[in-house]
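Letters are used for the chains, namely A, B, C, D and E, taken in the order the chains are written, and counting of residues starts over at 1 for each.
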Amino acid sequence: MQLAKVLGTVVSTSKTPNLTGVKLLLVQFLDTKGQPLERYEVAGDVVGAGLNEWVLVARGSAARKERGNGDRPLDAMVVGIIDTVNVASGSLYNKRDDGR
Amino acid sequence: MQLAKVLGTVVSTSKTPNLTGVKLLLVQFLDTKGQPLERYEVAGDVVGAGLNEWVLVARGSAARKERGNGDRPLDAMVVGIIDTVNVASGSLYNKRDDGR
Amino acid sequence: MQLAKVLGTVVSTSKTPNLTGVKLLLVQFLDTKGQPLERYEVAGDVVGAGLNEWVLVARGSAARKERGNGDRPLDAMVVGIIDTVNVASGSLYNKRDDGR
Amino acid sequence: MQLAKVLGTVVSTSKTPNLTGVKLLLVQFLDTKGQPLERYEVAGDVVGAGLNEWVLVARGSAARKERGNGDRPLDAMVVGIIDTVNVASGSLYNKRDDGR
Amino acid sequence: MQLAKVLGTVVSTSKTPNLTGVKLLLVQFLDTKGQPLERYEVAGDVVGAGLNEWVLVARGSAARKERGNGDRPLDAMVVGIIDTVNVASGSLYNKRDDGR
């Protein structure tokens, strides 16, 4: 999975019926220092992530593993809201300290 | 999925029979500011997208989730026409304002 | 799929038996202006594409959708010979005019 | 698979139930000289890898091949701890010599 | 598939049991001129490729198509040893001439 930050939302009314009821988030990928990358995904959301929260994004067929999503044309999914990222030199991210 | 803009159409008559009847669009990927990227796909279309419209493109096995497409050699599909993209700082895109 | 041009052929005799009888083409990817990119694939061919022809290349599990290819270790396949690519500003490519 | 080094750990409590009990490692990809790349994954771990160890990371549907992981939304998995990497010019890496 | 050159071998004893008995090669990808790229894979080998040989590497689910590999967490596989690569301007590679 990739570390990402919720940047916004995407709305589409003319879409394949298989996407009905899926909330779509624009998530920007982060590097291992927490800095934003160019890469992003428009991902489905099963965890209720909010704006600016750090999340885990699964891609490919992994995005359809949630019950009921097997037939949806999803290739990216927010599967978790991140609490902490810890590296050797200390804490890279802690949701409690996050005033961003 | 990726944000993309419909750039044109691709026609192929000498093709695998499994692609018969699939409309193929040339879609250019956009970044999170709405600017065109180098990357693109030739994607199938199930939503009737028109030239210059902003669309959502699913890749990989997700592209074959539409009923009847399971056996087609498709790895990219336009699955929705985008109405709005909203980010923290406001509206990135609104189809109603789109005179491009 | 990606736009590509047939650059040459690849021959391998010491290979997995599952690849027996598959013609392998070296195809170079093109950008949305028709210029060659660094990226390429060695792809199977089911449409009889010739040298320098513009083709459509499907990647991933899509490459094994042709009948009889389900068990082959193919991750790229030429699935169509391109006749025309049309964009807003006119014709990007037309096979009839192609003397390249 | 890719060569990678364990950089840290990621904790998520608000996540899809399918990820419950999966230990998530932040692994940074290495190049063929053993130098760190920008690319990384947040990967599941089935081998008990420790901080700074060199590991093998499988991506895509391969990440769900371990028994019990078939329904988890995993797209990256640590599948082995590396003992040695040997190239023509000698040893690129040997776990015994690794004081890093 | 990608053109690649066998650079070395990777040994891992602490690994998922599903990888037992799989020989792992470090293979460096080549461009369409035969020059080495930064990209590589640690790939399984079913054809007995030797050091410095040019090989074909399949990625993704294609890597598990060989009988007995369906449940292994493999995302890259050496599926053929290359004899020749021929392009419009002549021979790019011929194993017989290869003293490299």
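To be clear about the criterion, a residue touches a chain if its C-beta (ideal position, glycine included) is under 8 Å from a C-beta of that chain, and two chains touch if they have at least 3 such contacts.
All values derive from a computational prediction rather than experimental measurement.
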Min route length, chain touch network, chain C to chain E, equals 1
Are the two sides of the chain A and chain D contact the same residues or different ones, given that same means over half of the numbers occur on both copies?
different
For copies chain A and chain B, the superposing rotation on Cα atoms, rounded to the nearest 5 degrees, equals 70
Indicate the whole-number Å distance between the mean C-alpha point of chain D and the mean C-alpha point of chain E.
21
How far is the middle of chain C from the middle of chain D, if each middle is the mean of its Cα atoms, in Å?
33
Enumerate the residues of chain E that touch no fewer than two other chains.
60-61, 63
Indicate which of the five shapes (line, ring, star, complete, other) describes how the chains touch one another.
ring
Output the circular ordering of the chains, read from chain A in the direction of chain B.
A, B, C, E, D
What residues of chain A sit close enough to touch chain D in their complex?
1-3, 31-32, 46-48, 56, 58-63, 65-66, 77, 79-88, 92
Contact set on chain B toward chain C in their complex
7-16, 18-19, 24, 26, 28, 38, 40-43, 51-52, 60-61, 63-64, 71-76
